[in-house]
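One structure is given below, encoded as structure tokens.
Lettered A, B, C and D in written order, each chain numbered from 1.
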Amino acid sequence: MSALLDTLSWVLLTLGGLSVLVGGIGALRMPDLYTRMHAASVTDSLGAILVLGGIMLQAGWSLATIKLIAILLFLLLTSPTSSNALASAALLAGTRPFAEAGQDEEAPK
Amino acid sequence: MELLGLYNYWVFAVLLMIGFYAVVAKPNLVKKLIGLSLFQSAVFLLYITMGKVEGGTAPIFPEAGAAVFSNPLPQVLILTAIVVGISTTALGLGIVVRVKEEYGSIEEHEIQEIDER
Amino acid sequence: MIVIFGIFLLTLLVITAIAIVRSDNLFVAVMLMGIASLLIAANFFLLDAADVALTEAAVGAGISTVLFLGALALTSERERAKSSNRLLSFIVVAAAALILIYATFDKPRFGDPEAPVQTHVAPWYLEKTPEYIDIPNVVTAVLGSFRGYDTLGEVFVVFTAGIGVLFLLGGGKATSTLPEEKINEGLRHHLIPRVVGRILIPFILLFGLYVQFHGEYGPGGGFQAGAIIAAAIILFALLEGEKRALSVLPERVLLGLMACGPLLYGAVGLAGVLLGGNFLDYSVLSSDPVKGQQLGILLIEAGVGITVTGVLLGIFHAFAARGR
Amino acid sequence: MYYAVTIATLVTMALALLRAVLGPSVYDRVLAVNMLGTKTVLLLSVIAFLYGRPDFLDLALAYALINFIGVLAVLEFFRSRALRRSAERGARQ
């Protein structure tokens, strides 16, 4: 049983590390603000779930697990919210998506 | 490895001087304060680096095990210094805001010009 | 391996610092300062300073950004003039950096347990804390008891800085011509952040209290807790507008908090004198000296927390009120 | 295995930092700060276990709670800036 949990947690951690990395590459390589935001925010949540889940399996039932669950819950609440807030702020300020305008310079004054 | 052990101190020196450069060379008062915060962070880094003991852990006794602890004293000094740092930075920002209200500018040259008039 | 992680983070920190100095948009510089704070906090954690990392997290992640942005809103976002004596400053700074780096070759090796810093007073603190105070967190023990004078001084510095900001910015004239209700509405029209923020505020407050009272057993204490609680109330002010926040905690109450903290700290010290001990000697506060020490630390940490909360909130409101 | 996750997180932090330095718009930089914040939470939780001191998860918890405030402060800054600008424009007309 413990070997199974161990393997599972390593798998989760590896996948988590990968998705975090993919998010980083996406945030760097994507062509405009909204696609970058998409790459960053989706993998942020997925990576957090996988990595923290992997650690939780390692920690077993303890105070640490409860703290990890709290961290995960708060991350899942705040991270998409800040992405949403940021995207709406950018849209209100007039930054247009790439496909529409094909431009991404400084936010209009 | 011997040289790697000094890397933290080098970063301290470089960071300190980057902050100092912003203070001397940038005419914008807010930028000067940002430089000053960097300068502060460099000093914090120096203190904490000095307190680290190889193979040690944070000076909070765990329930079992761990006999080597890092030095608590620099941590105490820096812990208070961070909060003091933000309050003094806020005081500096307050002065900058007042300067802007009186002179209409936060660029050193322009303030000096107005003063000389 | 951990050493390599530290080196990597420090390199990122230097890159960030250079970018901060080079950018001529102050808003960008403030954002990059936020990144620098995250990196340096991670570094503190790697260097075994959990308490310091928590302080940097509490202060750097929220409050410092909020204050700088508040100041930018009142001044300007762009640097206009280029520096005139760039070459000269660069030469001076580079020379100084080289001298400092040259000096580091005389420094003891990183992490050397035999270095002079580690061999004088620190082992005594580590050894005597269980005996005299009997709490696991040595940092809190040194902060509250062994070096209580230091901390009292720092609390007064924070207090003075807060008073200074209020003198500079408080009770000022209105600088803006905007309709007041527009300014005061905060982020009330942003539904999603508002709902999530409202859910979070009680948890942040609860976490702040946990950090305050768990400071003797884990990383934490008055300085961190004060900053976290102030951050929670600043979040409320951002979401609901200045006015609502001020009606929850009016300016008079904030002034009271600012003054109460140092008073409480000083009173604990004086109580020690009255009970026949020295100033800030907590052993006499209870019949059992160890219990007395613990009680004293609890009280002065509360004093520190109250001061820091009051001062940071007072500063925030002073900046925010100026924008009206 | 913790090491692998730590390295992945650190590399991502470097990439996000690059995005913050390159910009180009201010929103990209805010996005990068936000991303770095989440990555720091992950890094701190992993390192707490790497050090065998899971009681230090408080730090990651602090960041998970407080990072949000920075983004909201930025949002409020943009909002009040837009207000000020429209007022200035109104005054000029």
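As a convention for this text, contacts are C-beta pairs under 8 Å (C-beta built on N, C-alpha and C of every residue); 3 or more make two chains touch, one makes a residue touch a chain.
Everything numeric in this text was worked out from a predicted model, so none of it was measured.
Asks: Touching both chain A and chain C: give me those chains, sorted by label.
Replies: D
Asks: Please work out the Cα centroid separation of chain A and chain D, and write it as a whole number of Å.
Replies: 11
Asks: Using CA atom averages as chain centres, what separation in Å is found between chain B and chain D?
Replies: Centre-to-centre distance between chain B and chain D: 20 Å.
Asks: For chain A and chain B, what's the span in angstrom between their mean Cα positions?
Replies: 30
Asks: Spell out, as numbers or ranges, the residues of chain C touching 2 or more other chains.
Replies: Expected reply: 50, 72, 190, 193, 196, 200, 203, 218-219, 224.
Asks: Which chain D residues sit where two or more other chains touch them?
Replies: 13-14, 23, 26, 30, 32, 53, 55-56, 58, 61, 65, 67-68, 72, 74-75, 79
Asks: Touching two or more other chains, which residues of chain A qualify?
Replies: 74, 78, 81-82, 85
Asks: All pairs of touching chains?
Replies: Result of the pairwise touch check is A-C, A-D, B-C, B-D, C-D.
Asks: Considering the complex alone, what residue numbers of chain A touch chain C?
Replies: It is residues 74, 77-78, 81-82, 84-85, 88 of chain A that touch chain C.
Asks: Touching chain C in the complex: which residues of chain B?
Replies: 2, 4-22, 24-31, 34-35, 37-38, 41, 44-45, 48-62, 68-84, 86-91, 93-98, 100-101, 106-110
Asks: What does chain B use to touch chain D in their complex?
Replies: 57-58, 60, 62
Asks: In the complex of these two chains, what residues of chain D are touching chain C?
Replies: Going by the criterion above, the answer is residues 3, 6, 10, 13-14, 17, 20-21, 23, 26, 29-30, 32-33, 36-37, 40, 43-44, 47, 50, 53, 55-56, 58-59, 61-63, 65-70, 72-77, 79-81, 83-84, 87, 91.
Asks: Per the contact definition, I'd like the list of chain C residues that touch chain A in the complex.
Replies: Within the complex, chain C contacts chain A at residues 190, 192-193, 196, 199-200, 203.
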